[in-house]
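Read through the structures below before going on.
The following pair of complexes shares a single chain, chain A, combined with chain B in the former and chain C in the latter.
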Partner chain A sequence: MSGQGQRLNVVPTVTMLGVMKARLVGATRGHALLKKKSDALTVQFRTILKKIVSTKESMGEIMRASSFALTEAKYAAGENIKHVVLESVKSASLRVRSRQENIAGVKLPRFEHFTDPGAGDTKADLTGLARGGQQIQACRAAHIKAIEVLVELASLQTSFLTLDEAIKTTNRRVNALENVVKPRLENTISYIRGELDELEREDFFRLKKIQGYKKREIERQLQAAKQFAEEQFAEKVSLKKGISISSAHNLLVAGAEKDEDIIF
Partner chain B sequence: MAGRAQIPTKNSALIAMIADEDTVVGFLLSGVGDVDLRRKRNYFIVDSKTTVKAIEDAFKDFTTREDIAIVLISQYIANMIRFQVDSYNNPVPAILEIPSKDHPYDPTQDSVLSRVRYLFSAESIASSRY
Partner chain C sequence: MYGFEALTFNIHGGYLEAIVRGHRSGLLTAADYNNLCQCETLDDIKMHLSATEYGPYLQNEPSPLHTTTIVEKCTLKLVDEYKHMLCQATEPLSTFLEYITYGHMIDNVVLIVTGTLHERDVQELLEKCHPLGMFDSIATLAVAQNMHELYRLVLVDTPLAPYFSECITSEDLDDMNIEIMRNTLYKAYLEDFYKFCQKPGGATAEIMSDLLAFEADRRAVNITINSIGTELTRDDRRKLYSNFGLLYPYGHEELAACEDIDQCVCHYLFQAKEICRSPSASPSVIGSYAIPWEMLMSWHS
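So, the complex of A and B:
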């Protein structure tokens, strides 16, 4: 992946350095938190999976028991109950309610069954009034128990699927932070540091050069000033003595040697 | 999180069934059967004469209806529309495969469990068998 050499395009200033550092800190903290979340979700996932496997097996048992009960009922009440039951369907008396539960930060659905008392139960009650009523009641009870197990299994299954997706998303985010965002920020920070160092070096170099110039300037000025001062003096002497400037100059130069013979 | 399907909190939802006659009759006895005002039922009886297309249509109908929270489908029927069942990804309604009288439950064919078959080491099944 080209993620290794990438960096953000920013102006390499000190402010940006501070901003990038803050973002890196945020990314690191977010990465640790998301990893923890992913671990917690995986733990939940495994417990739910185990529960699903065991519930499915018990469901097999219960379904078998309920179909036995049904066969008994059919035997006792005659074959016609099928039609009677099919005719007597009106409004469902056994329904499910769905709620949301928050587990480890993920909203998981939960189903629970409940009996709606107002719905039409009367017609089905009359089934088997002629014969086989007990078997029919037993069959109904067995099926209601089966429905309970099935509802629980359904909510386990939906939580399972939702958790699966949540784990995938969280892992995707963790990987993105780890492999893309953080290296990019780190590269940007080292780039900014490098640029700042270079600017500093440039500044330093410029400073040194200017210092050199200034020194030379000052020396030159000193020289010029000295020369000017000498010429001025020579002029004064020449005016006093009425001699040319160059001989005055020579005079001064010679006089600077402190000749004892000359008494002024 | 915004893009994910929201699971509605409903107060009363139905259980749909796609199974053979005996299973359906048994569950209708317990009271899950429902016929609404438009004579739409929440169960679909499959016998030897039902076409695969009819089963597919019933499945699609049940999964798109808003008042159905769980769809119970016999495993051998699910095998007939295995492709559709496997490509169904929404959490609601939940699709549950149930065994029928002649076809006992086979966990290797369950669409949900097959997705995590890699987690099915012999040890995890064996430990739950004890």
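So, the complex of A and C:
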């Protein structure tokens, strides 16, 4: 992560500021929602984990019971019974199908078993008619229970894996929003504000400077006008006396200048 | 010439009687079973079994033993002993010993026919058959598509031929009828065996009629209990009961009408327990069957 100094490269205008603010609001709301989703998923995750542990334990028991039921059936109906049953089967009567369930926004697969009525397992009811029939039916029941437990365990484990993935993705997004997107946006906003302030200050400064110039200009003009007015007055006075100050002045001035005709 | 049979008995049956007594003492005892119960792993079981008669059959097995391997090897021992006795037997003992295998033959035939119906490989099916029930033309069972072909091509040469006359009606090899076919064959087999045992008379007839009567009754009750709640009609049920035994004929009528387990059990459990208590544990003829008496009592299954 390249630290907190990152910001987006944008033109620092007021419109951009508005856009960035809107994005920040969106990011904040998205962050809150995703956090809630992540929490809900974690709760589901924990319950599934507990169920998996208990189901696995019961599965061990049930599988052992069904294997023993098979042994009892073999004892009662003869060693061949396994082959007899296997050979007389055309297609499975107990099947599994899957469907999707929506938990907290995540699509989880769920397996369930169902009996296929067309597979005709009524014919199997007569197996072991003369010996072992009851044991065979008991074995069948035990194995059906074992299948139920196995199917449920399969559902739970696939949900577990899918939820795990979903939680990882959601957490990744939450962290990304929290540590990358929002700081970036906030930095951009502060940068834009900074730039806008600076522009404003520049403008202000420029304005003040120009005002200063104008004031000095006006003062100078005022000074010049006052001097001119004084000179005019003095000229008027001297004209009354018969000399032109300006011309006397001119002579003096002219005398101070080098004249070729005068050789001192 | 009654009473003088003991004079000539040793000529025909002396060696085999000795072998049977030997085998009987090789049966696993309660102590053996206790030891086996204490075992924690399959290797422990192998170790215990190697101290019994099953030792030589298990000692060549590599270490990661499988339960099916142990079962296979023990069955192999049974089959070897049986074959040995069959070789040494003369008539009528050899026919008697062969009768014992007909039950397994019926099971194998039914297994192969069912497998063929569902298009399984013949070789795999042959491997799954019981070794005591194998006969030569068993692989050709796979080509049959219905009962007539089955009978005509394969079974007419086997000892099972006369049993098929009861099923030879033109029903195709439908799945439901496979179980019924199996039980009808077994019924015919039991009746045939019963008749055969009555011929020599004497000890054979006495002991075997008790045993076979018990087997027939046990099967009748099992069929009744297992067919409660299925599609099997009362008439079909009636047809599967054997024509001898303690429950014949009135008991069968009652059983055929039963719809509930308690009805059957309370009437006839009493009678059957009487049979089992009678002391008939002499090994001279039945040793090779190797079924402990406790197993015969497991008729509630």
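FYI, the second predicted complex is superposed on the first by the 203 of 264 C-alpha atoms of A that agree within 3 Å, B and C clash if a C-alpha of one lies under 4 Å from a C-alpha of the other, contacts with A are read in each partner's own complex, and residues count from 1 in each chain.
Please note the rule applied: a contact is a pair of C-beta atoms (placed from the backbone, for glycine too) under 8 Å apart; a residue touches a chain by one contact, two chains touch by 3 or more.
None of these values were measured; they are calculated from a predicted model.
In the superposed pair of complexes, A:Leu153 makes contact with chain B only, with no contact to chain C. In the superposition on chain A, A:Lys214 makes contact with neither chain B nor chain C. Within the superposed three-chain model, A:Met63 lies in touch with chain B and out of touch with chain C [touch as defined at top]. Once the two complexes are laid over each other on the shared chain, residue contacts for A:Arg131 go to chain C alone; chain B is not touched. Counting the residues of chain A that each partner touches, chain B and chain C differ, and the larger count belongs to B.
By the touch criterion defined above, A:Ala77 reaches chain C but does not reach chain B. When both complexes are overlaid on chain A, the residue A:Lys90 reaches chain B and chain C alike. According to the touch criterion, the shared surface of chain A, contacted by chain B in one complex and chain C in the other, consists of residues 89-90, 127.
Those residues of chain A that touch chain C in the shared complex are 76-80, 83-84, 87-90, 122-123, 125-135.
Across the complex, chain B is touched by residues 46, 49-50, 52-54, 56-57, 59-60, 63-64, 66-67, 69-70, 73, 81-82, 85-86, 89-100, 107, 109, 111, 114-116, 119, 121, 124, 127, 136, 139-140, 143-144, 146-147, 150-151, 153-155, 157-158, 160-162, 164-165 of chain A.
Those residues of chain B lying in contact with chain A across their complex are 4, 7-15, 21-23, 25-36, 41-42, 69-70, 72, 89, 91-92, 94-96, 98-99, 101, 104-105, 107, 110, 112-113, 115-116, 119, 124-125, 128-129. The touching residues of chain C, counted against chain A in their complex, run 71, 75, 107, 110-111, 114-115, 118, 120, 125, 128-130, 175-176, 178-180, 182-183, 186, 219, 222-223, 225-227, 229-232, 240, 298, 300-301.
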